[in-house]
Amino acid sequence: MGIAVIYGSSRRNGNSEQLAKRLVDGFDADHIYLSEYAIHPIQDYRHSEKEPYPDDDYHHVIGRVLDQDKLIFATPIYWYGPSGLTKTFIDRWSQSLRENKTDFLARLAAKSAWVIGVGDDVPHLKGIPLVQQFQYIFEYTGTSFEGYILGKANRPGDILQDNAALAAVEEIRKSWQEQL
Amino acid sequence: MGIAVIYGSSRRNGNSEQLAKRLVDGFDADHIYLSEYAIHPIQDYRHSEKEPYPDDDYHHVIGRVLDQDKLIFATPIYWYGPSGLTKTFIDRWSQSLRENKTDFLARLAAKSAWVIGVGDDVPHLKGIPLVQQFQYIFEYTGTSFEGYILGKANRPGDILQDNAALAAVEEIRKSWQEQL
Amino acid sequence: MGIAVIYGSSRRNGNSEQLAKRLVDGFDADHIYLSEYAIHPIQDYRHSEKEPYPDDDYHHVIGRVLDQDKLIFATPIYWYGPSGLTKTFIDRWSQSLRENKTDFLARLAAKSAWVIGVGDDVPHLKGIPLVQQFQYIFEYTGTSFEGYILGKANRPGDILQDNAALAAVEEIRKSWQEQL
Amino acid sequence: MGIAVIYGSSRRNGNSEQLAKRLVDGFDADHIYLSEYAIHPIQDYRHSEKEPYPDDDYHHVIGRVLDQDKLIFATPIYWYGPSGLTKTFIDRWSQSLRENKTDFLARLAAKSAWVIGVGDDVPHLKGIPLVQQFQYIFEYTGTSFEGYILGKANRPGDILQDNAALAAVEEIRKSWQEQL
């Protein structure tokens, strides 16, 4: 078991991706770029006949996520929250709750998670609602929310100048190495 | 000019819709159900050649939103944030920022906005990140964030038992009637 | 058993007091004005010899609080948090944790709590950190956090013009009357 | 002009103090231990005759704070907020607003501020309300909120094991050295 990195950006090689890549460099990781998959908005069947869910890549992606024991959500901060790609993927967890709730929650409850959010507009303060949203998500699933990094960047590569973010990355890497 | 209600639920006649309908009952309102439109995730072209944006319903929808002077965002609280439909729509505002930033912001800055979020899991507390996310969104666009209602409901129709939410609806309606 | 109202304002008859008075009108309530008591800042003896705690009114006040089963914290929003009087009182709970932790937490865990915060500067948004602070406090003590009201007022009496706050008060009163 | 460190702990040599000391080591700093001064709760005279304010150490302390251009608020996280000593001191700023509002705000608006909060109970998440409270405080005073460190510690000295906090300290020190 290793690390699943869930990239929520619509572009490749952006700042949140670069920071996540540095975080997992040298570790066994499955890199999941949500922008490469078709994942449609959740259908809300909680109170109606259960119609077919979208026949798309959701099951493939969530399967790969559930196969790892460490989860990294790496998302640009779009409009002060996780990207639409990230949010739409997480919304679909409601489908898994209907399909196999007990097993789904049991597997998520056994995992540890980190969140990387990178933005340009005072991310250390204005990224807080994003962090608190994940806090409640992981509280619900029982996942251990180990930490988060709010990085500041705009142009691709800027994040490598954010020394506080890089230092935070090193601390997480050190904690993983000590576990080996 | 009147009210644009932007419904973010994936189902019709859910609780957030019912509460919003009661809010605007008798007022001139354009009802925009995001689930009826194709709006794809934002492409992030900030730092690359500007390629074509998705050819979908975004321009139609944002046009209707900009035509009104009061905005109601009515979303179920999915996973402690706005629905993926809502978030994906707002993410696309970055496209408008590239296409006609000055005019887009000027128009949003002239509007007032309310947010309705309905959920089942302690929404008055766990809906707070959603509220703060909209707070920063409106701070950026200059839109006047007039108020929000966090309602509690699960089964369709439950929201009509949430007396505090209904009372809050009445107060907003009263303030609008006094403006007439 | 009834209601303890803990008033945190430094002045009498201010807006948070008026709103709390309306909330408990007709119910059996013990009115505790923190400004009338001497309660000194906590001494932090967690990691030192336990020296004497301040000989002041803390034990009297906490005793009256623990004697009731509903707690109302009514505080003006001073500098975006609970008043210093309120905070200093709550800080002293650490003394009770040292003196009789098990009993203290067991008694608080059996209670329900409401928070009233009244301020002038966009309290519905800028009062959120105050609410979240109480959320964590009650999570720690096991107290059931039943609800909060963020009211807007500046001059004494203004709060009686805040119809949303008054409506919220009525809803809480109704829920209590149904319990009788 | 240099740095004012405002220590909010009730004990000396605690973790928030140790972290702040490391932050300013080698820089010109005025160390202000609130526990050594008598600062009484604010009297709220906004809507009454202006009676005398408490004759205590407030003017001495605020004078020293205003004499520096960098402010460090170093507080233990007590009950998920700043310590009562810290809060009571800040509440008294309302007195300065009455005594000389224009000058007081002008001086604060020219300063930069950092916040250090150290606690034991998941400070990176449960310290967020404390951070947001300071965010609104500095927004009001116009002070530039440069950054914050939420450190984890319980026993005195623990903070020196919090490598992420120490790394954050180093980044701030580096930024100051570059200014010299």
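Observations on the structure shown:
Every chain is named by a letter (A, B, C and D) in the order it is written, and numbering of its residues begins at 1.
Convention: a contact is a pair of C-beta atoms (placed from the backbone, for glycine too) under 8 Å apart; a residue touches a chain by one contact, two chains touch by 3 or more.
From a predicted model like this one, the values you see are computed outputs, not experimental measurements.
Counting only chains that touch, the fewest steps needed to get from chain A to chain D is 1. Taken together, chain C and chain D share no touching chain.
Of all residue numbers used where chain A meets chain B, over half belong to both copies. The two sides are thus made of the same residues.
As a whole-number value, the distance joining the C-alpha centres of chain A and chain C reads 38 Å.
For the pair chain A and chain B, the distance between C-alpha centroids works out to 24 Å.
Within chain C, the positions touching two or more other chains are listed as 128, 132. If touching chains are joined by edges, the resulting network of the protein chains shown is one closed cycle, each chain touching exactly two neighbours.
All chain pairs that count as touching, in label order, are A-B, A-D, B-C, C-D. Residues of chain B that touch chain C in their complex: 124-125, 128, 131-132, 135, 145, 147-148, 163-164, 167-168, 170-171, 174. Residues 9-11, 14, 35, 41-44, 46-48, 76, 78-85, 87-88, 90-91, 93-94, 121, 126, 128-130, 132-133, 136-137, 140, 154-156 of chain B touch chain A in their complex.
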